[in-house]
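Notes for the one structure printed next.
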Amino acid sequence: LAVDHDVADPALATAGAGRIAWAAARMPVLRSIGQRFGEAKPFAGIRIGACLHVTPETAVLIATLAAGGAEVALCASNPLSTKDDVAASLVVDHEVATFARRGEGVAVYASHVQAVASREPHITIDDGCDLIERLHSSGPERLRSRVAAADLLGGTEDTTTGAAHLRAMAAAGVLTYPVVSLSEATTRAMADNRYGTGQSVLDGIVRATNTLLAGAKVVVAGYGNCGRGVAARARGMGASVIVTEANPLRALEAVLDGYEVMTMRAAAARGNVFVTATGNRDVITAADFAEMPDGAILANAGHFDVEIDVKALAELAGGRRRPVRPGVEEFTVGGRGLLLLCEGRLVNLAAADGNPAQVMDISFAVQALACEWLVRHRGELEPAVYGVPAEIDGQVASLKLATMGIEVDELSPGQLAYLKTFGG
Amino acid sequence: LAVDHDVADPALATAGAGRIAWAAARMPVLRSIGQRFGEAKPFAGIRIGACLHVTPETAVLIATLAAGGAEVALCASNPLSTKDDVAASLVVDHEVATFARRGEGVAVYASHVQAVASREPHITIDDGCDLIERLHSSGPERLRSRVAAADLLGGTEDTTTGAAHLRAMAAAGVLTYPVVSLSEATTRAMADNRYGTGQSVLDGIVRATNTLLAGAKVVVAGYGNCGRGVAARARGMGASVIVTEANPLRALEAVLDGYEVMTMRAAAARGNVFVTATGNRDVITAADFAEMPDGAILANAGHFDVEIDVKALAELAGGRRRPVRPGVEEFTVGGRGLLLLCEGRLVNLAAADGNPAQVMDISFAVQALACEWLVRHRGELEPAVYGVPAEIDGQVASLKLATMGIEVDELSPGQLAYLKTFGG
Amino acid sequence: LAVDHDVADPALATAGAGRIAWAAARMPVLRSIGQRFGEAKPFAGIRIGACLHVTPETAVLIATLAAGGAEVALCASNPLSTKDDVAASLVVDHEVATFARRGEGVAVYASHVQAVASREPHITIDDGCDLIERLHSSGPERLRSRVAAADLLGGTEDTTTGAAHLRAMAAAGVLTYPVVSLSEATTRAMADNRYGTGQSVLDGIVRATNTLLAGAKVVVAGYGNCGRGVAARARGMGASVIVTEANPLRALEAVLDGYEVMTMRAAAARGNVFVTATGNRDVITAADFAEMPDGAILANAGHFDVEIDVKALAELAGGRRRPVRPGVEEFTVGGRGLLLLCEGRLVNLAAADGNPAQVMDISFAVQALACEWLVRHRGELEPAVYGVPAEIDGQVASLKLATMGIEVDELSPGQLAYLKTFGG
Amino acid sequence: LAVDHDVADPALATAGAGRIAWAAARMPVLRSIGQRFGEAKPFAGIRIGACLHVTPETAVLIATLAAGGAEVALCASNPLSTKDDVAASLVVDHEVATFARRGEGVAVYASHVQAVASREPHITIDDGCDLIERLHSSGPERLRSRVAAADLLGGTEDTTTGAAHLRAMAAAGVLTYPVVSLSEATTRAMADNRYGTGQSVLDGIVRATNTLLAGAKVVVAGYGNCGRGVAARARGMGASVIVTEANPLRALEAVLDGYEVMTMRAAAARGNVFVTATGNRDVITAADFAEMPDGAILANAGHFDVEIDVKALAELAGGRRRPVRPGVEEFTVGGRGLLLLCEGRLVNLAAADGNPAQVMDISFAVQALACEWLVRHRGELEPAVYGVPAEIDGQVASLKLATMGIEVDELSPGQLAYLKTFGG
């Protein structure tokens, strides 16, 4: 094999190719970007290092960048999410330097990140800062001189938590190159949090419990993007939805959207299904569990497993806890059985398939265009954390509409002039 | 073991008991009926023979009847749906004479039905007429004399097709005892077709394809109970829904409910997901496949696998067909890939878990009360097919509301009198 | 003027013609029936006597029948609903014998009904039985001989109450000719009760009070056709909807549709807007008023003004009642102001414009086709009350779809055969 | 009468008091602010000059400020919207210096603004900048010295257009004191644009035409706050909704919300009802009118009457235009009748009652708290245009929830700390 690599079994490539083809067929936005990249070659001579979940959708992103002329190297951002067949196909069919084995230990994981870092990428792609941190740990001075020489253009970071970390680095003056934070892109927040998560959270709950949502009381904690997605879909499935919120503005919006709003304590006694989506901790606590009816289902849709106070639940139950179905554990509290899904971890990833490929299509389209933007602005950017430029959001939305065959109006010169004068 | 039986492995009883307990916890209506039966013993001295899918929910029904004093014997109505652990628990924990082994051959299957028939049940419970037919095939004369002696009270039949068959038998004068046809019960049509199927069909589609419903064009063929359930839920998930119908009354209702209505030919070119729910054959045919966009998903929600013309699809594709995911086969037609789910069979059973236990709770509550009704009307009923008495529907609805903790208004004497005079 | 008549002022004809033209433009189904009638002349030689509200929509119906060759005479079914300009145009422009003056007294009203009766119609059209009763009161013997001679074909009756009265007459053996009861037609119940009333009831409430429905708690009493229309629209406007019902089947359906269901007593304390749609009396009573919050709005959507116990409300308030806006009276109960709309009469008629012309189009299309059906079955029908034949419902639905430019599928011979064998 | 004033007829005060009481009863947020103001007297010694529509809701605002100790003078911001009875009651019952006569001419209008300006207010309240401009026109130097002496604290402006004008003044260095722009407040945008307008636009269309929305195709141009309100409510009334947009991000959001999205040209041929809500001009133009079906309804929900190209419509129709109902003019284009509502002006104001009092309650609560904020920040603010401080939005939302009896969760110290570390 022509490229450097470390994957479980190159013979799995055929299986991986099939899964990548399935994903590619569902990612028309990225495909259309890839087509343009293939002609314009914006990444000619550019080395990209990526540290991402090694999945079929990621493979489509990597292939898109490679089509644009990039020389890409990939390692896993999480040892458990690697699909070995996809890794194999990347090596065999796409000749991408790939370093990822499902279930790899800490040392191997670190060596894989190092393998990518040592290729001295012009652009880094991260999902949790591991690659950026590795580069910085090996000496900021060298990085600064590479940046000065326009040999290191910048990076992208996928997670909110990672972006917060990078901002702290920037504030402390130790960030050496510009990074685009992707998680705040409008298209992405929309597709991912509101529509993707709204569907997949309910999907996870139904798969785990096969409960009927019609006529159920579903309590949604938090009315941010994710919570309102879950609330809208639960109502759409025939549930009667209660929203809890600490932010009065969001609470009022939920009221005006026709939901019942109350405290979690009050909702606890009335709900059949509870979904937390606040981004905060201790949203459902001991005093709430004590109120819940027999058979209540507890699911978390927030990033971290801190929203449902599982420790308090376990203490209330004492020894009276037992697994009852895959992903479902019953805790007996005051004679009533409460069903905790997936130990309080993200229910849409743990009990369902995570985001549909159509959603990843939008996220990764933002990713691809952000890389192109870094190339275009080579040498112009300070070492800081940048939001996604509005033009990229608009471009992704336009491409998505085009791939759906949807045409929208164009503003006439007269309308543009009018907006300039009177526009909101 | 005290009872006659033929099950795969009695040692599986513990596992089965767990699953039965899970189901029982989700079937409060049947539980409350069981409680009353346990006190009133309406089936004291009554032998019941049942031929049903051997599932946890069925076990709860059987236990409910047994609690009422019945001596129940059970065989499988389908060799493939038997859960061996449930069968084991029925024998070991409930001492129910059970004859069912998953995957049993035709001869064993027949011997199991015979085993139940030979116990000379006072009441038969059927899901496809197998037990009724077996009894009739062994000599109607004996049956008639048992009926005359009030030793054979009647039966129930679960399927629409079975009821049609029994009506033909009644018309031909060969039906020897009264049978209650359960499938037309209002509560059941409501819970099962509209709400249960609406949810589980979408669940099946999402599990098989992980497609995003928000923004998709979903075409629902048929606007009966099942179709309107699917349409409502698809809209609730953010899809833009098109309905096709041959019946102008239903088509108009769909229009007034805010759906787009058009012919399947017109819809074919616009849909991303197609769901058939008409109860008819050839609903999507060759000329329609030819119009569909790349990636279109084809799913059937009707009882039989005749709604999507799979043969025509295969012919159009020639050899260009291949499995792409579990339960998903891609047919290439005119360069576009069409995705057929589960070979055109019922997608909610084939790709998801079928109806939630809460739905089975209502179906089996009707079942239990119909058996009680047969006992109450011992000796009064002609050998004919009866609909479910309205009082049973009302009783099931009341119990369901009560188990949800919902109180409804009661009519005062003045209101009852008013309705008698002016009422609709 | 060529025809016999008694109207307020023939000079109003021009204004009336304008309003009739507006209505006709919104009644395409009736227009298409009129076109066919104009060619086929099904009423050639037929005299039709009609006793209906004299409105623009009625004029379109009358013109449709006249186009079919009928000689029509019209009187008012209610002295208060007569539009004098419409009556004038019917006389002047359509040469229809019209007897109606807005606000006419009892004696004039009776003489007008008599004027129509004395023309010995072949077919009677009623909205409350006045014309039928008048004919019967002048001697059933003559009617019977006219029926025997096929000189009197039958009648139609529009109201449910009228149909109940006629059924009592038939049971007592005094009904002399066949009457079609229109109110149960499926198309009509759908368009009128569910969709028409759903919209117009909310319209009436908003016009009377200009209250914001988004975020309001709307309590809907009754989940029949009308109640579920109101509930669906209230939810559609952003309200959080509570349903009260005495019928457990309907209550359960409301639950499964995602509404909260409880007793009126429980709902009273929580609602901001109350709408009664039960067809029963005393739905909201003294004990309920005592629970209601300040500013609660009370509206009735049922046919009679008996659903809200206005007398009890007045007693609770003592003298503390006063009009606060047109159609709104405030009753102070326990220091809280309750707002009764339109004295508890039908709020969509009293505070809004009643049903849209598109809804009347469907109702009157059924009316016109029922008259044609009476002609076709001349001499074949017993003196009894008939429901609307299913073929008429289907025909109206088909015409409505056609006028909307909507095409639906047609069943192939193979599909028809399949349905005959397996069909539900 | 104790105060200086110029109103039409003080004898109308009783009627005005009744209307003010009705409004006050529907404005609980403002009432609760008034209660606090009554105790804390934040405006003791403060003169407030207001130039607003003289309506019952405005009177409640004025009374609220007066309760806080302010000495308020009021003139009309539009001669046509003045309610003379309300003006009378303000003078007689509230002793507010009021200068407003319905239909007053330009000179009187100007003298009224001058009357308020000459009282040298500490705070100005504007709805279109008239008062601010008057003050500035009489010499910025004096204003600057008053500001320097903390004798002139600042102002508020209600309209978007006004705020744009003030920003231009600030940029040109001629704005002499700080002004809070109210129109961007989140609570207000929510209550007013999305929920208030959503309801009142449909209300206006139904009042003007009595058309049935169920089953209609409603085309909504623009998917901003206002457009999405209209779209959601139209769908809620059973319409099939098409959205047109020029902004791809918003277009994509509409798609993901389940609406059909297309160009206006494509939508023109399919719609029954058209609503413009873009804030731009020429949204529906000649080429679109040419496509529309007979009976199409054209309504504008945008602030200015430029969205529907009425001139082009008139030219297409030539002389073939005529009023057909109050507020409805029919233009005949190519043999088809198009119905323009209210000459293309804001349909919810022109054909309905504008925003519900509950919506004005929120807008004016922001107004009252912004005045208090100016007092609190006396001497601290630059002469610039300020957005509404987030704390005011939160406070209004909290008060609104409290007046609805809704409690929300409070964050614990642990949760606040968590958010500080990880929070979005």
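Should a chain be cited, it is by its letter among A, B, C and D, assigned in written order, with residues numbered from 1 in that chain.
Note that contacts are C-beta pairs under 8 Å (C-beta built on N, C-alpha and C of every residue); 3 or more make two chains touch, one makes a residue touch a chain.
Remember, it's a predicted structure, so these values are computed and weren't measured experimentally.
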Co-neighbours of subunit C and subunit B - touch as defined = A, D
Comparing A-B against A-D, which pair counts more contacting C-beta pairs?
-> A-D
Please work out the Cα centroid separation of subunit B and subunit D, and write it as a whole number of Å.
-> 55
Between subunit A and subunit B, what is the gap in Å from one C-alpha centre to the other?
-> 39
Residue numbers in subunit A touching two or more further chains are 195, 214-215, 235, 238, 255-256, 404
Flag every residue of subunit C that touches subunit D in the complex, lowest number first.
-> 18, 22, 25-26, 195-196, 198-199, 203, 206-207, 210-215, 232-233, 235-238, 293-295, 324-325, 337, 353, 356-359, 404-405
Subunit C contact footprint on subunit B (complex, rising order) | 160-161, 164, 186-187, 190-191, 194-195, 224, 244-249, 251-253, 255-256, 261-264, 266, 279-282, 304, 306, 393-394, 397-398, 400-401, 404, 406-412, 414-415, 418-419, 422-424
Complex interface listing, subunit B residues touching subunit D | 214-215, 235, 238-240, 255-260
